[in-house]
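What follows is a single structure, written as structure tokens, with notes after it.
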Amino acid sequence: MKRLIGVFVAMFLFVSAFSQSGGKVSDNLLMTSKILKMDRKYAIYLPADYETSDRSYPVLYLLHGAGDDQTGWVQFGEVKSIADKAIQEGKCTAMIIVMPDGDTGQRGYFNSPKGDWNYEDFFFQELMPYVEKTYRIRTHKRYRAIAGLSMGGGGTFMYALHHPELFSAACTLSAYAGPISLEEAATRWEKQYPGISKDEQAKYFTRHSALELIKNMPDDQKKSVRWYIDCGDDDFLYEGNSLIHIAMRKKEIPHEFRIRDGAHNWTYWREALPTVLEFVSQGFHQY
Amino acid sequence: MKRLIGVFVAMFLFVSAFSQSGGKVSDNLLMTSKILKMDRKYAIYLPADYETSDRSYPVLYLLHGAGDDQTGWVQFGEVKSIADKAIQEGKCTAMIIVMPDGDTGQRGYFNSPKGDWNYEDFFFQELMPYVEKTYRIRTHKRYRAIAGLSMGGGGTFMYALHHPELFSAACTLSAYAGPISLEEAATRWEKQYPGISKDEQAKYFTRHSALELIKNMPDDQKKSVRWYIDCGDDDFLYEGNSLIHIAMRKKEIPHEFRIRDGAHNWTYWREALPTVLEFVSQGFHQY
Amino acid sequence: MKRLIGVFVAMFLFVSAFSQSGGKVSDNLLMTSKILKMDRKYAIYLPADYETSDRSYPVLYLLHGAGDDQTGWVQFGEVKSIADKAIQEGKCTAMIIVMPDGDTGQRGYFNSPKGDWNYEDFFFQELMPYVEKTYRIRTHKRYRAIAGLSMGGGGTFMYALHHPELFSAACTLSAYAGPISLEEAATRWEKQYPGISKDEQAKYFTRHSALELIKNMPDDQKKSVRWYIDCGDDDFLYEGNSLIHIAMRKKEIPHEFRIRDGAHNWTYWREALPTVLEFVSQGFHQY
Amino acid sequence: MKRLIGVFVAMFLFVSAFSQSGGKVSDNLLMTSKILKMDRKYAIYLPADYETSDRSYPVLYLLHGAGDDQTGWVQFGEVKSIADKAIQEGKCTAMIIVMPDGDTGQRGYFNSPKGDWNYEDFFFQELMPYVEKTYRIRTHKRYRAIAGLSMGGGGTFMYALHHPELFSAACTLSAYAGPISLEEAATRWEKQYPGISKDEQAKYFTRHSALELIKNMPDDQKKSVRWYIDCGDDDFLYEGNSLIHIAMRKKEIPHEFRIRDGAHNWTYWREALPTVLEFVSQGFHQY
């Protein structure tokens, strides 16, 4: 009888393992970058039916914040349980979520002013092609979205503003959207990139200030990305986000904007994630 | 027989509890104003137990928008069913809601620059004393709050900024918060108040721009009013409200700020009202 | 002890009577018509807070079908429980619902071709003024709507097409919308109104065929009434309603149109009533 | 020990029941067409127990709209999650869903007038036999249904009207049902098929106008297909669908007809799909 009980327990565990319908997360995968001359980590979420079906999926690139790595959205962001639930309830479509590590070596998602650390090049020339080849990802712009929090919100702004031809939707959460003015940037950059000239600063500013990129956006680009911008009323990044809302309204760039109750923390971002998944899905789905 | 009387009493209380169909609304009441030299209309919400109890209540002054009158919050705003529900569910405390007509004769809640239409004086010297005498209203600042939408959000800003000693909470919905700059104001005021001098404009601006009043707020006033500010991301009044958020953050004036999905319409304001009632109640209640 | 039980029972009935929160229905009221030279019956629904509040309400005129009378919507249509529920759940605003008897004397809601039975005149010159004076009804067009089923759907079409200046919304359920063609009308009218000439037929047709009135609607009238038109796929009146949908689309007259699963019966109409109340409320409320 | 084996078997069944994460979708399969002289793509949905059971299934052919391909119902239509849910909840029976690509080469589901592009022949002579041989599909008419949206609704009309002996049910969503009149068709076809004669137009019209085919339907065919026809009240294809409803009612052809709130978009079609699956299942199941 004891053995029988043991069998029951074993079966129960087996059932539990199998019966968890839901997606699969890996948080410590590697790929090689020639541009950055090193291996780079990434995490990935594959939806529940990825193994059993034979179809391609839309993709969301989901960027973490400063001081974190590719495990942030997995561990702190609960990406698996939140995405599983949203898919099961029909709030979003099944999608692949790619979470690259933006923090090894040098911090951040951009090319440095001196061209000695070209993470943005790595993202578009190596990471994106690599995952889109390795996994069954749909490669048309319509099926590609990007989102991120804090520094990753900044990455989201820059990538979608630099490459509106590549993303159907972009969602920034509590984003650091780059410097608001060149003056503000100067002090920081002189420390961060010693020897940077005034000319280089000005050039770098036009490409790495979301506010500046929005103010100079060509008319034919205004509707090419669906924007969702969210920042808590107690967040220290309130000013940049509020000014971006004003700038987008004045330029008549369609965007959803939310200020909810909250600050710069994972509670805020976990609450935001279901809406992000639903928002990007509306584009993947069509209306 | 005594027991039988006890049964009757118990049953009566039971009946009272059940038979109450919520608060009572009147939307066409009159009072006389010496200041404005006319009769003025107002609407009032008295909570469900007003008739049967003998206590005093906190008061919320609830201001309508331009082009509307004292019936706006009753008919379009569903103040009765929303307040009934919030009180019954314990989301807010029982309170009296006073809705004055801000639109008869001349539009708006303020004194005119020339002093020929002194609605703000009427509000503080006549309306407030009148309703606080006529109804069982608690008259301590702690139990007095103000809220309003659009032009009434402007009234809310000015009244609570001019008289922080009178209101414990102020809630502005989609507020027109007065001119952002003196330049913006000049053109409008020259049409609206013919003959207004540059000096009068400057003086009027310092008293009727919420942004200006916030920037110049004395330190000891910063925590005297609990602020709740809400404006839709599609509202045409996005700029003033966003700049007020930035200004309040920079001055470290505590405030709740929300940007929800929506525009300048009653759907937005009906959705906001339960939160307004809950927010002002937190002050009436104490924490 | 028996007496005590008797008291309990009496109290229970008393409690039950009082504790039913909800509106009040009367279904056998009388008013005198000079135009029709007789007393006419009507039924009325007054919302739950009508007795305790002191405000005015929007009004819905709700017309019964052929062979029925003013009690139809009360008895078969469950107007009280459906309106109570919709108001309590916040799906519609509190409103007064007036249900006139369209069947005493001669059947129908219109003036007869010979002018010897002028029910439509009675409706606009006597009934409407009478109820709007007798009850606390808001008299601006914005707060007046009309709806009806079958023959009452026909009344709804004609009244709102003849008087777009009087109704903000019109809802027709399984409507008999008048003759589709003059030929179709001729045979019927020659029986119904013996001695009617070809000229009189043509004139009567232009005023009593919804299709004809829609095709000839002046441009400036197209958006003056919000339309909701609903007819089951098994209803014998399918053709008129489908042709009206086509005609309204071709004239670009905004309207909601529904074909649901069902036939010409009260199950269909009871299912429709909550949507009708919600639809007319959207206008009473503003968005 | 026998009891232990019994327990294992019971647990295995339990595990199987729980571990199934729904059906399997492939969206990029190929077959060769001699008729069209090219490879053709198709997508397929196999129900959850397809791999583990050894039975045959009913089949639904599900057609996409113009400008789309075989992935449309997979990506935008969410066919997997909707079918999984409907099957799990017992709303429909397990079935195979075949989604052919109707857009490569030349657009549409029909033979061209000149006979140089015979897609309809391909469908019946190659695709249907191929999938019914390749997958465990029941081949009796009772177990075969067809549905489609827009241009695919047109395909559904034509295939089921041309071959009522092959389909037990046909569901058209927002269908383009072919030309309403020969005059309407003429202009279009003269552009689309240069050199088409008046005679060829007339002949093509009798075979490719759903309205015409319905009006000329022989009596003994009226009940051979169960029809479900659905089109939004804001759809630009309102006229053809409404006229088909009228024509079917006049010919006494049994059919379900719905006009729901909505337009020509995927939101409408995703909402329709569960009803389509339930409707065709009622025939697969029998009542």
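Letters A, B, C and D mark the chains in the order given here, with residues in each chain numbered from 1 onward.
Keep this in mind: a residue touches a chain if its C-beta (ideal position, glycine included) is under 8 Å from a C-beta of that chain, and two chains touch if they have at least 3 such contacts.
Please read all numbers here as calculations on a predicted model, not as lab measurements.
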item	value
Minimum number of chain-to-chain contact steps, subunit B to subunit D	2
Comparison of C-D and B-C by number of C-beta pairs in contact, larger one	B-C
Subunit B against subunit A, contact positions shared by both copies (same if over half, else different)	same
Centroid spacing, where centroids are CA-atom means, of subunit A and subunit C in whole angstrom	55
CA centroid of subunit B to CA centroid of subunit C, Å	38
Residue numbers on subunit B that touch subunit A, as the complex places them	233, 238-239, 242-243, 245-246, 249, 255-261
Touching residues on subunit C, where the partner in the complex is subunit B	4, 7-8, 11, 14-15, 18-19, 21-22, 48-49, 52-56, 58, 87, 90, 93-94, 138, 143, 284-287
Sites on subunit B touched by subunit C in the complex	3-4, 7-8, 11, 14-15, 18-19, 21-22, 24-28, 43, 71, 74-76, 78, 80-82, 85, 265-267, 270
